[in-house]
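Structure record follows, encoded as structure tokens.
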């Protein structure tokens, strides 16, 4: 059973990818994607009942796994080297070359290859990620089917490049699943590199100059992360004589200098999670078709980074490293939130917000208490769902209005009522109680309250987050409803994923106390198991749908009750309000009296002037370029501190 | 008894005004007087240290007058006012309200003209 | 960058009068401001065709309710000059008394409105409370609080008794003390200074070039005041124009604040030196000729161009009011300001639209 | 329920929010209107607040002569006020055009554009008279049902 | 720069008598010679029409034939010109202002045209 | 956990008594403000008259979402007050209250009127300014009491004010912004005239404005409740502290001009964060 599940979760996507790539028929491809997605969902759900477990395979589908991976690893690096040569990118060439050498040294001189098997560990943490990757990831892939048609239609492509696209899309799912399940740091390294390659392929998909440049940047930065990871592995192998992740966590606290490789791993994670100063690759990823960005941002890729930190966190409880990680995460949270304020490009807002939220997760990992860990997990789950929803909404909107500037989305509700409403709900689930994101933030703040610098950054950051989200939600509705709303028709494969994600975001929030007892409590127990020094207790007790502790309570179910009552009331009012007299907007009495010029006032020279509304981007206060510069400098210093602190 | 003025012509107006400006005079305002069926008087008032200087320009109705708003930006307001009220047209107005400084479309006449009603003409763009 | 375009006026709570500005702002920074006028335009100058030159006194007085007395005085001086009438001395002094009282009430009114523009409600109320005393003086001595109608061609229509003079003196003492008590708040309070210092700067060169008038001009360091022309009884009163060099809203406020006290002082001087004599002379004949007269209004230099043609009706009556002159500087000052500063700067020129448009 | 409705009804005259619009007045009337709000007359005693926004106002106080440009503004503002509403015209200008009746750009009094409920004569009327006008307006306000 | 120099003033306001006049519960005596409501003592009027000619607002109509003195109180600006020029001093301003009205009004006074003697003049009818 | 009776009591007090109290306090505020300005001022019950009148006015809307948002604002405000009386988690109460703020903003933004939109943007900036300060004050309370629950504060032996004086100042700063009192009446001024007319409230009228007013009554209570926590040991102490704080707010309101939001953000963060830092460090050291 285990092996079947593992096969579906990891190997099936690769096979599906091959199918996508070679079968040129669109319907077949779509079917493959849908079926793979469905299987992934089922498999991941079935996995729930099975955790925790450990398996190891010497071979899969008759092939020797470990040596295959080794081989693939070298091939991969070689390919990266080739790409570096192809794009004439010195950095990539050096990084790939260095990795080749180090990997070779590691494999040839430092390891004994008796245990040629590959170990997988499925614990609540990896289960959570598998669920996110498989479910949210599949939904995104399905949404991509109509999206890509539109996309290519728009680009007037003669030969569809979709086979390639969908192949890489599903490969990414399989890779991510493998990455979160493996217990072998070297295998982890391989999958880590493979996600980098996927991102390179997906970002560069459109083949424009910008896309190519950005994909190369992603490859370059990704290789940096790879190098850091590999160096960490070398250190661990050297110090602890093992590359098994669970072993490392157990042994590291007692080993001198083990914090240095831990720090290197963290740096690798920061790169993958696009933390400052490495955020540029994620922003660059925006040129890709929206499913790519959605996949990279919400459920895969970037989650690999935070997963790594969270996975390793028990290994550095109560160390200076942990403090610095918390500081670094909090800083990124604040800094990138600030950067998001100055953006009007929807995808860039989403990108900065992703970075910012991942920063918050990393901060939680750094705070490294059970409550913070719980917060981190909640944030991972709910961020994935809400963010995927928002990305898909933006993608849908973008294809319709041909702009991703939120200033062009004023009054979108009138044109796209369904998508706009879903987007508004998506935004609200990001920032308001009783939804999961906010609960995660609430836990994070409560667990960081005693850490002065961190809490200050969190407090500022969360306020700024509210600013850039709320105004977006607001402007979507900003239109007089005089003319009535034009109903929106969407393809089923567009609509269902959106509705599913939206429903998921709300429903999961309601279920959060149960998620807590089902996933997070066992996870904390696992931590105790892994690290006997820790002796953590579950931070909250759940009763009557409330999460409670000595330090605070979060009455999820009661709040949902209020929410439902409030919604009911609100909707009734909304219905009642249909009878209200329609008034023109206040324009200092100068509104134009003719129907041809709505929302206009009579300006100088008796000419009608259409009013315009715009958000504040504080660009004079926070010019993106300058702020990025400072942020990066500060982040580099912090990261250096982190590595040095690891000594 | 008329006020002491210096007579100028359309051609010399701008140069004279420029000269005054360079000599440090401040523009106070301009006045338009409807003289008779054919002519307007345009009187420009300047001040320097409480002394006044007036330029008088007599123009036939219907002919455009060079604007001095290029020299003194401040003159745009009074020139627009004269356009509204007397239907005179100014050439090169810095900010042209096209007969709509004070008046709305309902007013199709030049209300301040005594001698005959001059139809409003679209102001020079 | 994303821009917000909004109509500022004609009806707007911070604007006591209808003026319209089409504002374009980015993050609340004004990038463009275009004015529109005409909401108060009546065309009253044209009434000289159907009202005789005596009736016109009442009409020009209603150009504006805040500076009404001085309009009438300027007009009467013009007609008197045209007709060669010499006004009795007592009338000249009385004209000064009432016109300076008018300035006091206008400035107090403005100080209040200015405070309101930056949201200092208590200060607004305080100034208006003080102002009520001046309004009482107006009402008691002329019969109306606002439109006093004391001027006529050839002199004044009302007299002040000795008792009234004493009462005015006493009342003005109170007013002066109360105004002085607000000096620190108006000119030295941290929050007020933050909102006015360095906001809406007009250099003296700009002010001259754009033809600014009155406190707007004097706030930019140009000490020019039409009272230096020594009309009415100003030749027999001590008077020095007040100016401040910075050219910002604060300076303009300081000029007006000081002028309030100065005007109170001028009223006292005039009352002390008030000669006995007739109130007016009989005027015979009909106005003929051209004249230009200027007086100092609370808002600055007022110019009347009058042309008589030997009948009871004037040929042309042209009024150039100080706000008319101050609109171009205003338009120049606005770009670059914050939206919140717009009312402050608009108010800082003390705009009087009914004067501007007549 | 009835008690609540009664309370609402009786509150109506206790909380008249007013908006003042200067419709081409010479300021004489405006400053007297403003003076009503200041400490010496303090109409907030009666719950009157100058809201400066038609959407919040119950009473529209208008002063001044109507001309072609501001009559549209006046109509706009009146339209944006929620029912029930009353209009108080003040000053000779607002009542009939006053001395400016025959000036070229004057259309006439306020009632040429919108219905007027109370007329306050004077040039300008004293603040006390304006208060009287508002009181008269309030009587009509109480009578008006929610149209 | 000072912080809160307004504090003494407001504290003084708080503890001293408020300046609000209790109008309409107490009505202030008008100042003497105030220009309130215009009033015509029609008995004295000789219908010479001077007031109508001199009125800057042109709001008086005098009909000598019928002995009518008509004034539009809504157009009158209470300037006092008519009062000044009336040869018989039959016009005055009352101290109090003219009461507010709910609808348009005209003051129409019927007197006796000067040709006839005044003795049999009917009581003047004030139209209000 | 709380008994059913306590729960019901909190519900009733929170839902019904709080707004009445809030209205009275607002009325008192207007009266005192008037006296400070040498005026008589409106009757104490004036806020209720206003609300009642508004409820009886015509419904006038530009976008029906306004109505929806107004009600959500009300529900959120009421919920936060009820949670407060249930002595729940302060941070949570504060987040629930933020729901109201967000919906107010969304409601104001749902109308394409520039004044209401600018008001909404400014409201967001106000939220941006006070939210971190409040969170930090709550963090300070946590550091001092070891919990975010209000019940934890009532368990204290001595008033919090003695240990958290600077944070109390920060709270005052934040509350002035939240109450929209001068110098921070930036997004919408209570009655004073403002360049953005009535900001967020511009486009709400009649019954919908009444809803917002009632929500505001709730917020006043919440805010004063928060203040009272700083002298949790005696009832008289609470009252005195609340009264003094509110008087101080009125006084500040009347002796300062309205500042710009740029100044607000920078000054509030600079002053607030410095004070917080000092106080937090002194607590944790």
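Observations
To keep things simple, chains are lettered A, B, C, D, E and F as they appear, and every chain counts its residues starting from 1.
By our rule, a contact is a pair of C-beta atoms (placed from the backbone, for glycine too) under 8 Å apart; a residue touches a chain by one contact, two chains touch by 3 or more.
The model shown is predicted, which means the values in this text are computed figures rather than measured ones.
Counting hops only between chains that touch, chain B reaches chain D in a minimum of 1.
Following the contact convention of this document, C, D is the list of chains adjacent to both chain B and chain E.
Chain F has the C-alpha centroid lying closest to the overall centroid of all protein C-alpha atoms shown. Of all chains, the one whose Cα centroid sits at the greatest distance from that of chain D is A.
Set against one another, A-C and C-F show the most C-beta pairs in contact at C-F. The most distant chain from chain B, with centres taken as the mean of CA atoms, is A. Annotation: 58 Å between the Cα-based centres of chain B and chain F.
Chain A and chain E have centres, each the mean of its CA atoms, that are 80 Å apart.
Separating the centre of chain A from that of chain F, both taken as means of CA atoms, is a distance of 35 Å.
Distance from the chain B centre to the chain C centre is 25 Å, each centre being the mean of its Cα atoms. Under the contact definition stated at the top, the residues of chain E that touch 2 or more other chains are 4-6, 10, 13, 18-20, 56-58, 77-79. The multi-chain contact residues of chain B, meaning those touching 2 or more other chains, are 97, 100, 102-105, 111-112.
The set of chain C residues touching two or more other chains comprises 4-8, 10-14, 28, 36, 38, 41, 43, 46, 58-59, 62, 122-123, 125-126, 129, 132, 144, 147, 185, 189.
Shown are all chain pairs that touch, namely A-B, A-C, A-D, A-F, B-C, B-D, C-D, C-E, C-F, D-E, D-F, E-F.
Note for the complex: chain C touches chain B at residues 36-38, 41, 43, 45-46, 49, 208-211, 224, 226, 228-229, 289-292, 294, 301, 303, 305, 307, 315-316, 318, 320, 324-325, 327-329, 332, 357. Residue ranges of chain A in contact with chain F, taken from their complex: 410-411, 413, 424, 428, 431-433, 438, 442, 445-446, 449-450, 452, 455-456, 458-460, 462-464, 466-467, 470-471, 473-475, 477-481, 543, 550-555, 559, 562, 565-566, 569-571, 573-574, 576-588, 599, 611-613, 615-616, 621. Touching chain C in their complex are the following residues of chain F: 36-39, 114-115, 117-118, 182-183, 185-186, 189, 191-197, 254-263.
Those residues of chain C that touch chain D in the shared complex are 10-14, 16-18, 38-44, 46-47, 50, 58-59, 62-66, 68, 109, 112, 125-126, 128-129, 132, 135, 144-147, 352, 354.
Within the complex, the chain A residues that touch chain C are 344, 407, 587-590, 601, 603-605, 609-621.
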